[in-house]
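As written, the chain order gives the labels A, B, C and D, with residue 1 at the start of each chain.
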Amino acid sequence: MGVMRMGYAHVRVTDLAEAKAHYANTMGLYETHAEDGRVYYKGWDEWDHHSVVLEEGGVGVVKFGWKVRYSSDLDEIERRAQAFGVTVERMSRGENPEIGDGIRFTTPSEHVFEVYHEATLIGTEVGTHNPDAFPRHLVGVGVPGLDHALITAEDVKGMERFLTEVFDFYATERVQTSLEDDADYIGTWMTSNNQIHQLAVIGGPQGKLHHFAFKLGDWSEVGHAADLFSMDDVPIDVGPTRHGITRGQTVYFFDPSGNRNEVFAGGYLAYPDRPVHVWTPEQLGKGIFYHARELNDRFTTVLT
Amino acid sequence: MGVMRMGYAHVRVTDLAEAKAHYANTMGLYETHAEDGRVYYKGWDEWDHHSVVLEEGGVGVVKFGWKVRYSSDLDEIERRAQAFGVTVERMSRGENPEIGDGIRFTTPSEHVFEVYHEATLIGTEVGTHNPDAFPRHLVGVGVPGLDHALITAEDVKGMERFLTEVFDFYATERVQTSLEDDADYIGTWMTSNNQIHQLAVIGGPQGKLHHFAFKLGDWSEVGHAADLFSMDDVPIDVGPTRHGITRGQTVYFFDPSGNRNEVFAGGYLAYPDRPVHVWTPEQLGKGIFYHARELNDRFTTVLT
Amino acid sequence: MGVMRMGYAHVRVTDLAEAKAHYANTMGLYETHAEDGRVYYKGWDEWDHHSVVLEEGGVGVVKFGWKVRYSSDLDEIERRAQAFGVTVERMSRGENPEIGDGIRFTTPSEHVFEVYHEATLIGTEVGTHNPDAFPRHLVGVGVPGLDHALITAEDVKGMERFLTEVFDFYATERVQTSLEDDADYIGTWMTSNNQIHQLAVIGGPQGKLHHFAFKLGDWSEVGHAADLFSMDDVPIDVGPTRHGITRGQTVYFFDPSGNRNEVFAGGYLAYPDRPVHVWTPEQLGKGIFYHARELNDRFTTVLT
Amino acid sequence: MGVMRMGYAHVRVTDLAEAKAHYANTMGLYETHAEDGRVYYKGWDEWDHHSVVLEEGGVGVVKFGWKVRYSSDLDEIERRAQAFGVTVERMSRGENPEIGDGIRFTTPSEHVFEVYHEATLIGTEVGTHNPDAFPRHLVGVGVPGLDHALITAEDVKGMERFLTEVFDFYATERVQTSLEDDADYIGTWMTSNNQIHQLAVIGGPQGKLHHFAFKLGDWSEVGHAADLFSMDDVPIDVGPTRHGITRGQTVYFFDPSGNRNEVFAGGYLAYPDRPVHVWTPEQLGKGIFYHARELNDRFTTVLT
């Protein structure tokens, strides 16, 4: 049962034309739909109708969509969210284009989550019959799909409990004030499956977005993406480098509106029987940026 | 619920000393135990006591172990296997060193499967507290862990049904005689989670092993492994190359007893809502070896 | 003084339209000129007017061009070639489009060499002022330039002497029948500078081409090229793999006319004070294909 | 004729034991000799007796050695240096262990250069007879050899002229105050052959070392080196990243004494007929660090 993946990240951008140039021409997302000042995108290896939604006006995240394996998961998650004390509303087919019925609620961290079971499968260029390994003519970075997001919350430990109890997520890595049982949580990296993280939460203001990330295949693709960001004047925040946390290989950068994006490769397969990696403050720099081993101010303060 | 991963591959080798040199010095597995003519190994990124067991005498697979998330999964899988018509026996803690209670049965393909919920966590060199990205002094290829296996069966379609009904596996890729609904299955690649395959089955004699595979991080590591195989006189079967099926990057090679091994990197994240990739005979060569686009005799005939 | 590099490979193709699709769309060469049934190409990182010439009618090599550093080198090479017993003719500016005066002679291996000092610099997309690391919109494999060629000769030792005495080339690697001083040469890899080889010669019929090669940056690009060859139905001869000889990473493949091409990355910097690597027959397979460690018939018999 | 390569970098270190741990255990250099408080090293792919010399006491560069192809080059370079107005002294065999006769002079930038033709060839682990692609058991980063250095000078343009007139070097890339003919030079990257640079000079105090660099094979090796630097607590200055200038892929880091080192991969083949890449101040950040596109203070101020 349960959440299969983050199905979409719906974010605000200050200028839709600039944003489209970034997400289509540099990132190589495929535009699948546009209406009412919103543009819908998917990566080349995604089957569902969209995984990224841009909406003009401001910055930051509007909501995240989560796709569940069974329609019965919707009821179960509704029940659990209500048991946690969260108000849940029903979402109807079509409130999001090509997305089925579902539920919607605001998390304790003040982020809007939508949970759904159905999305129109619009397929990929390579298809399913003797498919090529990737489309022959990718654009720019050519990301295959959405990977994960990092959000901020005032109560990280509470959000870990929420995601555990409502979504059956488990932590793969965590930053704690110490190794003691009563330690505070500075950050938590969580998943429901083998993906090293689907959603991470770090301490900060309610309702904010630190970044959302696209998958890449390996370190060579990460380096190549960084080269293209220079050519396209995309501001790089940090990288290419490796994370200690998740071991992922990464570039952080900003879209033209100032929303932080990431390209992310590597990491290891998560399993629920694997002990949580715990990072403590004296090595937090190394946990976040394995090579530089120190945080920069921008990384910790720029949120949208 | 369900199967988390292939926990161990237990295989026969003709000469234990030669085999140990291969699995320890070339592959870089860690020996964790030895008794009664059996040697137990794990990869550097595996927490459980062992993932590979070598047993002197002959070649081929003795059995595969499958680790489940919850102890209640054992009962459920037992019930399902019996419903499928398979005889299930109970396995006691200690029948395999450091492995808990479980069940054992012979699949319709005549392979022995053991299913268990508990294994002694013996940990890794990097540990869980501010862990480094990998151990500083890896040996040889330095594989992080076991990945999957490919076995042969007279009735591939039957085995897909068995793995679906008993293990809740789903097919990610398949080779069929055609795209018709009543097509025969030549091979099926199956998983329970996001790993692109945990077990694949191709048509062939009952009870045989085509290969078992170790994970690697990326194409550079695959190339480096191939270089080390040459230095260590490990016979390479095919590769480095890419598979069309799974998109994985690979080298096939033989252990000193003639069991085929693989190092495998890449592939894409599997999801149960993603349509199955279906390969048909006219492109089977490309499906198996994406670059050469043709099978070699050895690949299709050498089994252990 | 001396030869800076192989400036161009001029080859015959059976069908110019098919060839253009291969060299332009798959290899990503830039067409710079066409006249009289000939098409001229350069790679994205080459400044001279062309490095590949295709001429309709047959297969195989018409001639190789060699660019020298100083115009006085033309006289010196003419003198040396004549001293070696080779007839040299003067070549006038314009006999090859955008190529200056030079000399022309037939080598003892019956290949036509042209030597010149001037070529029109037509530049590159990235230019010289704050240049980007590569053009933003490369096509297909996007090769930066021509790298080297391998030709056949009845007398390999004689050709090594010729290239040494006339071109000041030195051998970096050699295949010999033994390590004895009087060993015969099966192949020789030669250069004038730090490139691991500019021209290699193996035993075989006079005047034939084994392959000509394009540069690539690294093993990831070699793997990516192999993927594109599958998508574009380019027949792969061997690879991706590594050579023992030169340590280069490689894919051999055929153009639509059956001329063998290579993409080549890596290798080490050659220096004239470095001892020659000598390969002997018992390890020749490993020398040519470091992973498979055996030659295939096609590799040794298909020449154009 | 001429300079083949930077043969050795002889530097001071404050603590020889710490330095040995860095250069031997982390960088993987082979110690070939030790005497009089000096330790001599070579990389695995270097044939000459040493390429790095450590001398206890202070920091910075003692001298650079340059190996020439012909012994007659010594006379020619002596003549040219004297013509430039530099005092040249003769250096005797044995003044540097296993290095032949030569000349010594102080450059206009106040760096000591030694030029020599002979060094004892002590060979490599893989040897020359059917050699493996690299030694089977490399230590740490396992650098194949010394690559280049960057020094500072008050008069960059004067040093470019000196290296041109005395060493027959040519500039491959340059940073100028403008594109005008009378522009000042902020930095120049120079070579005598196909290596993208053997010595670079940037404006700064006389006689100082910015860094000396070791070769690596590709971007994957650069990333792996950065990982090892974190494990070994080697302070990273910048990287992994790419340079716009030279296109090389890089990590800058510090030895325990504070001398800056680099690992450097990629770059393109230099040719004297290729136009110089010219960078101007508005893009200097991108020229130095292609991804971050800005210099950090440490990079421009920390010299030894």
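In this text, a contact is a pair of C-beta atoms (placed from the backbone, for glycine too) under 8 Å apart; a residue touches a chain by one contact, two chains touch by 3 or more.
Since we're looking at a predicted model, the values are computed, not measured.
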{"item": "Chain labels contacting chain B and also chain D", "value": "A, C"}
{"item": "Maximum centroid distance from chain A, chain identifier (CA atoms)", "value": "C"}
{"item": "Winner on C-beta contact pairs when A-C is weighed against A-D", "value": "A-D"}
{"item": "Distance between chain centroids, defined by C-alpha means - chain C, chain D (Å)", "value": "30"}
{"item": "Euclidean distance of C-alpha centroids - chain A vs chain C, Å", "value": "47"}
{"item": "Whole-Å gap separating chain A and chain D, where each centre is the average of the chain's CA atoms", "value": "43"}
{"item": "Junction residues of chain B - those touching two or more other chains", "value": "132-134, 218-220, 227, 230, 242, 244, 286, 290"}
{"item": "Residue numbers on chain A that touch chain D, as the complex places them", "value": "219-220, 223, 226-227, 229-230, 236, 239-242, 244, 249, 251, 286, 290-293"}
{"item": "Interfacial residue positions of chain D with respect to chain C in the complex", "value": "1, 4-5, 45, 47-48, 67, 69, 121, 123, 128-134, 144, 179, 193-195, 215, 217-220, 242, 244, 247, 266, 268-269, 271-280, 282-283, 286-287, 290"}
{"item": "Touching residues (chain side chain B, partner chain D) in the complex", "value": "132-134, 136, 218, 220, 227-228, 230-232"}
